[in-house]
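So, here's a batch of structures to check.
Heads up, the next two complexes both have chain A, just with different partners, chain B and then chain C.
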Partner chain A sequence: MSSTAAAPVEDLDDDQREAVQHLLYRLGDDEFVAAERYTEWQVRAPTLESDLALSNIAQDELGHARLWYDLLQDFGYDEPDLLFERDPETFRHSTMTELPFEEGDWSDAIVRTYLYDVAEDLRLEALEDSSYGPIRDRVGKIQSEEDYHLEHAESWLDRLASDDDGQRRLQEAVDRLFPYALTLFEPTDPDVEARIVDNEYRTEPLDELGEEWLSNVVPKLESYGLDVPISEDGTITSADLPPEIGRDGNHMDDWESLYDDFTQTYRDLGRTEATTLMEDPS
Partner chain B sequence: MNIDEVKERAGPREFNPGDDLPEEYRKAATRMIQFHANSEIMGAYLERPFIRQSPSIDRKLAFSAKVQDEIGHGQFLYRAAESLGIKTREEMLDELANGKGKFLNCFHYPMENWAEIPMIAFFVDGAAMRRQATLKRTSWEPYAHAMDKICFEEGFHVKHGESIMRELATGSKKEQEMLQDAFDEWWPRIIQFFGPSDDKSTHHDFAAEVGLKTMTNDELRNAFLNQYLPKARKYNLEIPDEPRIRENDDGTFEIEEDDLDWDEFFTIAKNDYEPGVGQIEGRANAQEAVEWVRDAIEGDDQPTAGHTPTAAD
Partner chain C sequence: MIWEVFRQKKTGEYHTHCGNVHAPDREMAKLFAQIQHGRRKPTNSLWVVPQEEVGEVDAEETSFGGTTDKSYRWSTAYNIEPPAKEVEESANEQAEAERQRGDS
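Up next, the complex of A and B:
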């Protein structure tokens, strides 16, 4: 699979190529790893209806991962390079996406999808006018699926927050997830990140996206009577971040076991390529 | 309506929730549809780990979608069963969790590697297709209606299963060997999918008389073998020596029933077979872990959060 439009990869110098690739890796890896975790809820969600709804979201995110990885193929990588034979320490997803779910902790799934989807909406907006055409061209398709995700998360926040036990569990999920959610706005590398913005591959810097995100999620969570673990003046410092931020390739042990799991069949069968069923995912 | 009238009127899609049906009919139909719905859920339970273990993104997407479809089929079938007025969906799901609910023999066995996938996703699903196609003419209209949708989606599942099998059958020597090993292990179970020969089946007579079942176990098995033996051969699978299968001139088959382990089959039918017990309990534990959510939303007038993409509507 490769993008159909003439890819302007050739027009990029080495620094620019690196910047576009970092941007695509953080997008693709977030979606892929988030989806891996969401699929853990399949056949385990509280009701058949919620099972269908979350698995639908997982499939959307997986489809988005495929769209972003497809653009990385324009740089000469194939799917094994991007996933099944890739060094797990080069994945650039936020550590929030790799956190395992405790069995039955539906409040984690709801808070996590909420925090993630608000961030995703903002970053997609900041890609609408990307100077890199192939990225710009794929934003609309993804956005058209995202509205429902946020609607799903908010409807569940509503329902759980109106129950004492649900409220308590939501608070625990917020306490646990919030520091990891902040890694969504961390750079893969400060120099490369500066190039992403200078070249307008993404038109907003991460700290502005992060501020917008905070001004969105904090009042919303507070409106449900939830405390958000950040300082009064709302400034975020490195002290608020978890030890592993993911973006720089530094991950938790849970990532290693997840990576081993999803590459297991590929390794066991001694595969050297990954089957493609759909020629052009865009 | 008394039972004689039911037998007289019995035909495809003849009865619906507007009919006043005797309890005997409603119970028999509930048992059959509940079994079918449970099988969808337990099949999905068995296959779920392979969403993660799929060796490509496209396979992963197809697998996740398949598991989702099966939950949707379960949802649709429980609704068709509920409409008989004997049990609620919650009661049926509780029975599945506490080991009272019955389901297909093949879903009691563990599945450990990718080469086993076609055994379920091609052969068992293919066998289920044979059976389900005949249920489009079952007498309980909501059940027949569910079959229209389910058969449509199952067609895609079997195609995907065949694609995985083709890939293994034409892959490395190791892959071909793994596929043959899986086939040797699963083949007798797949033959038993249709249950014992008609003379040993306990529920068939009544279900046939009231139009719930339209074909016998043997007829279904014949139809399956006619279609799937050539397919197995096409993918270079060696058919195991046992159970012995005699092919008659008229295209029918006879199975040497003594070659099959019916003790195991009936242990499974009672939900007493060890790996199956673990799978039932595994699912029950997962359901119990989210009991608090169902409690939290109880009385909520919003049974489905947001827009639920129902695979089964």
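Up next, the complex of A and C:
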């Protein structure tokens, strides 16, 4: 699969190609790995309804990953290159997406989707006017599904925060997840990040997106009486971040087992190419 | 708490019952109904209704068809040959309706 519209890949010089690819890997890998983790809740969520809702969100995120990986195929990669035969150390997702869930802790799933979906909304806004047409063209389709994700997460937050037990669980999840969530806004490489913004592939720099995200999630979490583990003045330093950022290819040990899981069938069946059921996404 | 879900396929059509969802309140019921009953079928609108708010009358309580002969209501009961044009049209219509209801 590859996008059929005249791909403007040819118009890019080497530096620009690197920048667009970095951007697409961040987008695709975040969505793919987040979805892989969400599906672990299947048949384990608190009720059938909550199970189906989160599974559907996972399915949406896989669809979004497919849209971004498809654009990487314009650079000459195929699906095994991008997923099933890819060196796990080259994945650029944020470590919040690979972090295992605290077993049986639904508030972890809710806080995680909330932190992620606010970030995703902001970054999609910053791609609406991307100078790279194929990215710009796909943003609207993704945004139309994201509204539900955020509404789902916020509805659950409201309800979990309404009693002491729920609030305690939310606080534990916030304490645990917040440092990892900050990695969503870490650059893959500062030079490449500058190029992404200068060429307007993404129209806002990551640090501004990060500030916007903080000004959104911090008051919201505090309105539930939760403490957000960052300094009073809101500045983020490397001390606030976990040891593994993910964006730079540095991952947690849990990533290795997750990678082994989703590539297992491919390896067991001795595949050399990915089976495709659908036309190219667009 | 159980919420009965009604789906409308197109504007102007009736909302028809399509199942239910468990949810603590109306807002969550609407969220869950979207996923479970709206996503895979053509849907223009969904209603969620608390199950306990649904009033029911069943066949044990009442005889829905009535008990006495009311065939005078149906034009097919008037067998005058040849029928008047209006009667014939009405009879055809009635026969068609009965066929669709599965009565004949």
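Here is the rule we use: the second predicted complex is superposed on the first by the 282 of 282 C-alpha atoms of A that agree within 3 Å, B and C clash if a C-alpha of one lies under 4 Å from a C-alpha of the other, contacts with A are read in each partner's own complex, and residues count from 1 in each chain.
Everything below uses one rule, namely that contacts are C-beta pairs under 8 Å (C-beta built on N, C-alpha and C of every residue); 3 or more make two chains touch, one makes a residue touch a chain.
In this text, all values refer to a predicted model and were calculated from it rather than measured experimentally.
In the superposed pair of complexes, A:G104 makes contact with chain B only, with no contact to chain C. Using the contact criterion defined above for the overlaid structures, shared-chain residue A:S223 touches neither chain B nor chain C, since it reaches no partner. When both complexes are overlaid on chain A, the residue A:N250 reaches neither chain B nor chain C. Of the two partner chains, neither chain B nor chain C is touched by A:S215. By the touch criterion stated above, A:T235 is placed in contact with neither chain B nor chain C. With both complexes superposed, B is the one of chain B and chain C in contact with more chain A residues. Applying the stated contact rule after C-alpha superposition, one finds that A:L269 touches chain B and leaves chain C untouched.
Within the superposed three-chain model, A:L48 lies in touch with chain B and with chain C [touch as defined at top]. Of the two partner chains placed around the shared chain by superposition, chain B is the only one that A:A65 touches, whereas chain C remains out of contact.
When the two structures are aligned on the shared chain, A:E151 is found in touch with chain B and with chain C. On chain A, the surface touched by chain B in one complex and the surface touched by chain C in the other have residues 47-50, 52-53, 56, 148, 151-152, 155, 159 in common. By the touch criterion given at the top, residues 21-24, 27-28, 31-32, 34-36, 39 of chain C touch chain A in their complex. On chain B, the positions that touch chain A within their shared complex are 41, 44-45, 48, 50-62, 64-65, 67-68, 71-72, 74-75, 78, 113-114, 163, 167, 171-172, 174-175, 178, 283, 285-297, 300, 302-311.
On chain A, the positions that touch chain C within their shared complex are 47-50, 52-53, 56, 148, 151-152, 155, 159. The touching residues of chain A, counted against chain B in their complex, run 32, 36, 39, 42-53, 55-56, 58-59, 62-63, 65-66, 69, 79, 83-84, 103-104, 106, 148, 151-152, 155-156, 159-160, 163, 165-166, 169, 261-262, 264-266, 268-271, 274-278.
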